Structure formats: structure tokens, C-alpha cells
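Okay, so chain A shows up in both of these, paired with chain B first and chain C after.
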Partner chain A sequence: MKFIRPNDMEGLFQNMEENNDRRYFLAGGTDINVQIKNGVIKNAEIIYIKHLKELNGIQIVKDDIVIGAVTNITEILNSKIIKENLPFFQRSLESFASPLLQTSATIGGNIANGSPTADVVPLLLVLDAKLEIVSKTQTRIIELNNFFTGYKTNIMKTNELIRSIIIPRKAENGFDTYFEKVGSRKSLMISKVTLAGLKNISHSKFTTVKLAVGSLNEYPRRLYKIEEYLTDKSLIEINFLKVEELLNEEITPITDLRSDKEYRYHVCVNLIRTFLNE
Partner chain B sequence: MKSIRKIDAIPKLNGSWKFLDDYSYEEMIHGQLLYSTCHHGTIKKIHFPDGYNLSEFTVVSAANIPGENIVPEPVCDQPYMADKEVFHFGQVIMGIAHPNRKLLREFIRKIKIEYEELPAIIDIKECLENEDNVFGKELIIDHRTGRKPDPNWIHHHKIYYTPHQEQAYLEPQGMIAVWQPKEKIMFVRATCQCPFFVKEGVETIMGSAIKEAVIETSEGIGGAFGGKEDFPSLLAGITSLLSYKSGKPVKIVLEREDDIQITTKRHPARIEIETWTDPETRKIMKIYIDYRLDAGAYQTLSPVVLARGVLHAISGYSIPDAYIRGRLFRSNTPSNGAFRGFGAPQAFAAMEAHVESIAADMNINPYKFRRKNIFRIGNEFPTTQPILENNLSDCLERVIEKSNYLQKLEEFKEWNKTHKDKKGIGISIGYHGGGYTGNGEKVLNSEVKVVIEKDATVKIYVANTDMGQGAHTTLAQMFFEAIDHPREKCLVQLPNTSKTPNSGPTVASRTIYIIGNLLRRFALKIKDELGFENLDDYVSSNQNEFPREFRMKFVQDPSVVFDEENYVGVAYKDYSWAACVTEIYFHADTYQIELTKSWNVIDIGKVVNQKIAVGQAEGGILQGLAYGLCEFFYKAGYGRMHGFSDYALPTTMDLPEIDVEFIHTDSPIAKGLGEIPMDFPAPSVRNAFHNATGIFIDEYPLVPERIFKSLTADERR
Partner chain C sequence: MKIKFILNENEVSIDVDPMKRLLDILREDFGLTGTKEGCGEGECGACTVLLDGKPVTSCLVNAVHIDGKEVMTSEGIAQEPLGKLLIDCFDETNAVQCGFCFPGFLVTSYHYLITDGEKNPDKIKKALSGNICRCTGYQKIFESVMLACERKPLISTDQVN
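Showing the complex of A and B:
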């Protein structure tokens, strides 16, 4: 194990010039420390980033809210900017872990760790968030939706990291919002099913529907087929059997120690129904 | 009733109170257990990993035991360490120690053991359904009248299942052994409930290699709930052996995952009940109960759990014709052990569901049906022990009244008609016999000691440990309140087997009930003997008499006579009684039950310290509710949970409003409180769910996946 604590961004990039697939970043450490203790990560190069100012903080930049990758959940929950612009996002994060964990866990770590159960991701997906990904020589902006490539894998190269998360300032404007995280208790729980949704209705038809799920696939994802099916329909025009069928195509729930696939699937069906009916 | 603050409250807040892992000794090294990952098999070969200097490690196995390789228990059948054959996952094979804790952990993780696998039973149902797995002695309570059921009596026949439960003490199991070769004394610092059990455990494994084992507990014991009743004997034995072999102090603190996987849990149960109820009188006339426990691979203390199980199996109902059988079943899983309630929560899980289902079938209000059948003066237990008070019925009446149960039944029924989500309300009752079962307290022959110093400080020596339940505060309080002595001058000493007489283990709701009441009588006896009004004054005017030591033994009431062969007689002198009403909210989308409010009325007799008593009650009630609701430990095909992210202990966010009221507190005697809060609440959740949805679920916990399955099974029918 090799630990590095760069003094600034320059120092950070100096340490990241070469590609190294054993390179990890230590932000809040709430995922990686567990993985180190379990022996999942060993002989790795670990770069501490939590203290880097350039990666921290919440700002309004033109039409976007930009959240530094090492901003922790508590900071987001307490942020005035978020409260004014993205109240649904803020409210929904209250169910994240516990107050203690919230003070360590970072938004960037949640995304980069790539767990199917990451709470922040379904929310960011329906808010059409983008990621600013940087290396020593390059900055690229990509849609969060295109970030993951499989179970705990993503498009980042090992000489890159997430600098910030960019959310359109008006992402929630005019939408009815919905967020439900289902787990085995109310706090400190890992989600079995998560559904985030935005909808707006005009002349009793759904003009826009955005749906994203967590814990039901290899990574959280949007339910585009269902969104498409629902758009421009009114509630009575919706054939819920069709929704169930499409959901079946879009999710691949599993049975594990924590829950059963049939349960996860049916809960997701119920949540979508409630979201549309409410 | 005075709410005196716990002696450990402030030091725990400021962090100065020492738990086991806070202790260190010069040259101390660290130990860990190497345990079997095979459920049943013979050990063919053990491969140590390359790249380590083996001479730095101390290794002990069955072959190194100077004494006996059998842990002392009510049934002595479990070895400290497996010899050639392992009988369950988690069975200890070796103790290994090294100065570096981290390196040790890495080393142990890399050890490979080759087994020849043998057939194993790991699934709870597979164990409990097959009568070939029965082992140990069957217990029978036979209170049959020989009368044939009338043809119009209504027959109900059901099977109920309860799962494992993890004690989830905050501080994991831990032990430090310090071998003192000159004196041939093995000193052991333990986080445990029963220092004298640990002493016997160490002396058994060490045999004549040592002169004596001296056990002292850590200052703080971070919870136990029964989990630190017998496992510490095994752990102390192996830690001592490591210290003996290495010549150094050795500390073992279990990793949480190991603690969850290998230590004792609550016994899973299968309880089959048949009843015959007279539709006219609405009285249960006859009952047959088949009470089965999955003991794990060894019997250890399971026969005692079984005893309490059958003695509480009928719940609080007077049934003229009863036959109860209790049996232990063997599986290839770690031995199950003590857990707050000790067989009683399983009993109430079944019987309190059963009466609910009879009431539903016969279309009788569940409260009214209970009231018809509940114990009253003049009734008797199936062991023929007479019921001498109506306190159980008083608890029920009070809880029904305060919860507004009857009105809420109607309200919820209306509300449910128009809502997808459902509200429900459920009742349960329970009781717990205080102290050891039957003649146990006579056999224990507990003794306490008091030393009065020259400054009139009273030092109390008892073997009972304070594991956060406040025992040392309350025990001292019972002494100083009796003689009106200042509280600062009356302190329970840290249990140490070389200084403390054996006042028995800290189990069986006996600490306040047996030892506390004994201390109260003791204080009055000393006062009487010395003839003082004020102890301070007496000591200052009779300085030459002090320091002075006093001892007193517990004498069992002669009315307690129990025939252990035939299960006839007085099983417990005093019972604590309780009744509960719980309200739930059922979320239709997610199949989740949310607890909204729980009312609890408990009779523990005199309440010594109101705040501590309420704290104990609230904690136990939540533990009980969670047993019924969410604490899912083993999943067929997937095994045991690994840690607290999988094992769903409730958090404070899940806590419903819990209302606790003690009644009959003017009693002169303080009865057992330790276990009863855990015994009775769980069935109220199931019964409330039935009230909300009309669905009975015959198995705990009522996790949403189970509810989903039973709802969809209902739709398919």
C-alpha cells in the first residue's frame, strides 16, 4: 500500500501522470476503508483528496449548480444554494446513511465507487447531471448517464478523477418529484429498491416523465423505455401491464442475502404506480 | 423508586470507563481464533501460508490442552477446540497469537484447511422438521385429565417458527489472560456475565497446569443480553492456553463478523400447537404443545432454555387439560445459547399467535377471548403450581384501557376501508419466572459479602456484573436505602473471583430479584445485629470494630419445591407479568410494517430505580418488537448475515413511541425485570398485522419479503 497526500492540484496531477489500475482516491473513506479492511483492495496506491479546495464546495455557475466532488452530504444538506435551487435533491438525501456518515461521505465518492445501491445516483440521473472529469492535460464533461459501463466500472481512465458534478439549475423546476428508498430500516440502510422520479402534466397528459432506479441493475439507471411509453399519455391511457413488461426489460433485480428479486421487482412496480397516481 | 443516576453514566460519557479492549499489559500479544468454515467434516490438513516466520506465532490446538477439552456447561459435550472432526461452521480449531494484531489477522485469513466433508444439517427447517435429529433429554409436562374432547369443541392445529436472534452487544466478545508462573495463577480479565463460569472454564482446560484461575471483569461490559453467559468460558480457556504457552499476556477481541458468525444466538424454534375450544364458554379446554429448539451442534446450556420454554409455553392461560413436550434438535451450526428471554419469547411467539388465530376463527374479539382464558387466582400452571394473584389480568385490563384498544379496532377498520395502506393494532401478553428454574437457586447457594470500613464506607462484593443494565447502581441502592446510608458511601466492587463470594451468574432475571433483595435483607440484618440507627454514627463511635466483614447466604423459600423428573411443582417463586398493545402502519407499496406506538404495562413488583427500570423496559421492548419485525439472521441458501449492515437491528429512527407503566409497585419485593421486556412484545406485531390485513404469518420476522410472499401466495390461491 502506498499513501499519497498531495498539497495541491498540481501535486495531485504530478502523482497521476501515469496510468495505474491500482490507483484509488481517498475522499471520505466510507467505502474504500471498508474495502481495504476486507482485503478487496490491496497493494494499491491511494491518493488523499478530501482536503483539496479545488474539489470542494457548491457554486452557481451560470445556469448550473456545480458541486465539488469531495463535498460531503452534510454540506449539501445544509447548503442554501441547494435549498433554493434543488430542494427535492436536498430533501431526498436525508435518508443517506446516518448523520455521522453524512459528515464524511462525499458525493464524488458515492458516484465513483459505482455501487448499484448508491443513493445519489438515481437522483442525479433524473436531474440530468453531468460530471466534470479531469486529468493533468484534459477536462471533459460527460453525462452521468453515460458514465457507468458495468458493475463498478466506468469510463474514467486511471489518470482521471471527478472534479465536480454539474446539475442544471432549473432541473427540478415545474416538476412533481418523487423519491423512495426502500431498505430494511429507516436509517443506516442499504437500499433494496430506489426510485427517483420527475413528472409534469399538462391537460392531464404526462408531458415529461423521468425515472431512475437504484439497486435493480449493475448500476443505477434511467428507465427510458418506460419514460417514452408514458409520455403524452394520460393516466387512464396507461396500461400498467405494459409498464410492468417494459420494467422487466429494463431491470435485472437479484436475490441476495438482503432481499429477493421478485420482491424488488414488485416494489418497483408499486412505486412507479404510486408516483404516477400521486 | 428513586431515580438515582447510574454510577457509570458520567465516566461512560467522558470516555474514562474502561472496556476490555482498553486494558493493556506489558509485553501483551494478540490472539485470534481459527475456526472451521466447513459445516461437518474431518480435518485432513492445515496449511500455514508462506512468507511468515512461524516461530513468532503461538499456536494452540486440542493437542496442547493440559486439562480437559470439554467446556463446563449444564451438559458437558462441547470441546474448546475441535480435535479431528468439526461439527459446525465456526467451531474453533486453533488459538493463534502474535504481537501484531493486523499481521495476525492477515495470517489467519490465509490459512487453508483441507476437510473431508461429511453430511451436514444447516437449514433450520431441515433440522427441526426431522425427528431423527432429536438429541438430549425430552421434557414433558403432563397435565392431562384423560377426558375426551367434546365433539362440539373446535380444534385448531398450527405450527409456528421463530428464527435466530443476534444479541448485538455493542462490545464484542473479548478476553485477556495473564499467566503468572511463579504463583501458578492464571489471571483473566473478562467481559462476561458470569465470572465464576469463566473460572471453571479456565480451570477445566488448564487442569493441574495451574493452581487457580482468578477472574476479574473489565470495568465496563458493553452489553451481553445472554451472549456473554457461556461463550466467555470457551474464549477464556483458549486465551489462557495461549498465555500459558507463550508466557505472555494474551488479548483476544473478536472481530464483529466473527462474533456474529460463531458465537451463541437465540435458539430457532418450531412450535406446534393443537387446541380444543368450547364454543359456548369460549374457553380453551385442552392443549397439546410440541416445543422444539434447534440447539446447534452441542447441547451445552440448551436443556435449561428448553426447560424455561416448556414452562412458559402455555402463555398466560388456564387450560384444564395440557400436555407439553420439549425437545432439542441437533444441527451443524454453532451451539445456540442464552439470550434475554431464554426460551420464553419463542413460547409466547407461538401461543400468542395461536390464541389470536382461535379468536379470529371463532369471530371473537382477541381481547375478550384472552380475558376469558387468562390466569386468575385459583387456576394453576400445567405443573400444578397455583396462581396466587390476578396481576397478569390487571396488566391486560390496564393496557387495553390506556391504549384505547377497543375504540381503535373500530377506527382502524373504518380507515382501512378507504385506504391502500392499512393500520393495525395487536395484543400480546407474557410473564417471566424470576431466578433459576425449579431448585436451581437452592443449588446455586449464592453468597454475598460486605465490608464496612473505618469511614463507614460499605463495600459490596457480589459476582454479578454490570453490563450496562445498571445492576451495580441498583444493587447498592437496595442496600443503602434499606438503612438510609449515604449513596456515596455504598459501592459495589468490581467482581473478582478471589475477593468476591460466588453469588451466582448474572442471568435469569435474578440479579435484583435474588441478590438485590438479599442485600436489602442483609442491610437490615446488619443493622439489627449491630443495633444502630445511623451507620455513620455507629462506626465513628465504635472505630475498633472496623473494618469488618459480613457474609450472608440466600435461603430459598420452602414453598419452592419442584420435581425435576416429572415437571411438577413450583417452578419459580415469583413471576413478573406484562401485557402489550402495539399499533402498526402497513405500507402497501413496499410491504413494510412501521411500528407507530407500543403500550406496555408490566408488573415487576417494587421498582427500585424508576429511570433504570424504564430504560431496561424500553430497550427490551424494542429488542422484542424487532425480533418479531426485522431482525433477519439466516437466509436459506445464503447463510448467516455478516454484520450490522445486513442484520437489521432497528435504529432510533425506527423506534416507535413506547409507553411503559409499572403496576403493583407497592409490593415489598422487587421481582425480575431483566428478561420480561423482551418476552412479550413481539407477538403484538404479528397480531397487529393480522388485524390490519387479515393475514396470519406464522414465522418471524415479518420482513417485507415474507409479507410479499404470503400476500402473493394468497392471491394465487
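Showing the complex of A and C:
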């Protein structure tokens, strides 16, 4: 195992110039240490990044909230900026892993690790979050929704990393919010189905609907077809058979040791109903 | 890699593999075997210690993470007045059976006591939700922390005096 602790961003980029498929970044360590223990990661190059100040902290930048990638979940839960601007996001993160893991686990790590069950991703998707991806020579901003390409894969090259997560400051303003993570217990729960939703209603019609699911595909995603179908309809105009049909097109639940695919599908349907009826 | 940190209020330094787990550093290099390895994956809480005053599972923390930081283990907490109070309360309510998870519960309960300490069952349950006990069920553990919250003001007064 090769270990690198760069002193600053310049040192970090110098160490990232060469392509290396076995390069891993160490921030909070809550995922990588489990993978090392289980032998999934071995003979790797590990670059420590938790101490780099450019990757830490929560700031307001114009109309956005910018959260450094290695900011941990406890910091977000305690942040006054997040409390004032994104209270739904903050509240929902209380169900992240457990209080002990929240202290170490980082928001960028939860995204980059790419788990289909990642707790923060469905929330960030309905908040229209973007990622700032940096390399030595360029910075690009991409929508989180375009970040994942498959199971645990994403669009980043090996010379890039996530510097920050950008959330519009008014992402929650004027919306009814919904977040439900379904699993077998409250703490340390790996989700079976997660649904995050935002809606607003005018003259009893849904004017905007944003829905995102986790644990139902290779990676968490927005349910655009259902959003489109629901928009400009009132509750009585909605044909739930149609919603179920569209859901079938948008999700590909699997049967694994936590649950089976039929259960996941039906729970998701019920969560969408609850979200719309609340 | 040479690292320096504060361990139970003493400054220490050690030359160590930067990826070595804090759990192993405590047990192997410092002989502090109160910190237990249960699952080794951050799910059971038996290896909980305070890192800069916040509870973490030391099986998922590496040497590089603790450089320049402050680590407090169950042994250190057991020397503190509120740690002693908690141990007495665990004892009184028979909260401990096999004892394996107990150092982790002590650390997390101590953190709750110093940062909040309200005698509120819901808050206590949430605070302890990252620690697992396979013997007792949790009722007696919650009761003992409730008792410690009740008695905390007495301890604090003693300290001031």
C-alpha cells in the first residue's frame, strides 16, 4: 500500500497526474477501511485529503451554498448556514448511518463511493445539487444527476476529484418536503428504499414536483417521467396505475439480502402516494 | 509516519503506518485494551473513543487522522468524575452483562452527559443508537444514563467546591 499525504492542493494535483486505477482518496475513512479489511482494496495508492482546507467547510457563495467535499455529516447537522437555508436537508441527514459514523463520514465520500443506497444522494438530487470537479488544469461544474454512470462508477477521470457540492440557496423555498428512508431499524440502517420529494401546489394542482429514489437502481436518480406526468395535475386527476407503470420504466429494483424487488417496488409506490397526499 | 497526539490528557508520539487503525494503535502500541473490536466495520460501537471530543468508531479511524488531535478512551473517561458517575449508575441498574460493549457505551454516554445531559429518553436513545449490546436489551442501559443525568448536577457542584 502506497500512502501520500500532500501538504496542499498543488501537492495533491502533482500526485494525481499519472493515471492510476488503484488510486483511492482517504477522507473520513468509513468506507475505505471496511473495504481494506475485507480485502476489496489492496495494493492501492491512498491519498489523504481530509486535512486540505480547500476541501473543507460550508459557505454561502452568492445564490448557492457550497459544501466542501470532505465536510463531515456532523458539521452539516450543526451548521447555522444549513439550518437557515436548507432546514429540510439538515433534518433529513439525522438518519444518516449513526451518530458515531456521522462524525467521520463525509458528504463527498458518500457521493464518490457511489453506493446505490447512499443516504445523501436522493436528497441532493431533489435540491438540484451540482458538483465542482477539479483537476490540476481545469474546474468543471456538473449536475449531480449526470455524475453517475453505473454501479459505483462515475464520470470522473483518475486525475479529478470532487472539490465541493453546490446547492442553490433557495432550493427548498416554497416547497412541501418529504424524505423517507425505509429499512429494518432506525440507526445504522442501510436503506431498502429511499424517497426524497419536493412539491408545490397552486389552485389544487401540483405546479412543481421533484422526486428522487435510492436503492432502486444501480445509483440513485430522479424520476423525471413521473415528475412530468404529475405536473399540472390535481390529486383527483392522477391515475395511480399510470404512476406505477412509469415507475416500472424508471426503476430496476433488485432482490438482495436486505429485501426483495417486489417489496421495494410496492413500498416505493406507497411512498409516492404518501408524498402526494400529505 | 511520525504522529503526535494527546491520549487521555497526555501528549504522546509514535512512529506508525499512517493507515494503522486507531483501534489497533490503542490496543497494541499503548496497551489500552478497554477499546474493543466487535464488527470492525463501524456498526457495533464497541471501539468508540472520543476524537477531539466527538465519538467515533476507532476501527474506521487511521493513524493519519489523529495527528495533532486529542483522543480520549474509556480508560481516560473512567478517571473523570462524570465517567465514575456513569460507571456507578451502570452498576446500580445492572446495565452490564458480559461487558464487551460497555466501554463503548461508557464513551458515548459520557459524550451525551457532557454535551447535553438532559434526562430525556428519546435523546438518550438517539445518542446511543450507534452502540449495540447483545446481552441486556437496552432498557437498563437507558435507565442508567437517565440516572446519571439526574445525578450530574451533584457531581458538577462537587467539582466546583
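Note that the second predicted complex is superposed on the first by the 278 of 278 C-alpha atoms of A that agree within 3 Å, B and C clash if a C-alpha of one lies under 4 Å from a C-alpha of the other, contacts with A are read in each partner's own complex, and residues count from 1 in each chain.
To be clear about the criterion, a contact is a pair of C-beta atoms (placed from the backbone, for glycine too) under 8 Å apart; a residue touches a chain by one contact, two chains touch by 3 or more.
In this text, all values refer to a predicted model and were calculated from it rather than measured experimentally.
With both complexes brought onto chain A, simultaneous placement of chain B and chain C is prevented by a clash.
In the superposition on chain A, A:Met1 makes contact with chain C only, not with chain B. By the document's definition of touching, both partners, chain B and chain C, reach A:Ser98.
Within the superposed three-chain model, A:Tyr263 lies in touch with chain B and out of touch with chain C [touch as defined at top]. When the shared chain is aligned, chain C comes close enough to touch A:Thr74, but chain B does not.
By the touch criterion defined above, A:Gly39 reaches chain B but does not reach chain C. Comparing which residues of chain A touch chain B with which touch chain C, the overlap comprises 98, 186-188.
Interface residues of chain A facing chain B in the complex, by the touch rule stated above, are 39, 98, 180, 182, 184-190, 193, 256-260, 262-263, 266-267, 270-271, 273-274. Across the complex, chain A is touched by residues 109, 588-592, 630, 632, 635, 638-639, 641-642, 644-646, 648-654, 703-705, 708-709, 712 of chain B. Across the complex, chain A is touched by residues 1, 17-19, 21, 40-43, 45, 48, 51, 54-57, 59-62, 64-65, 108, 126-127, 129-131 of chain C.
Of all the residues in chain A, the ones that touch chain C in their complex are 1, 3, 5, 26, 28-30, 33-34, 36-37, 46, 48, 50, 74, 97-101, 103-104, 186-188.
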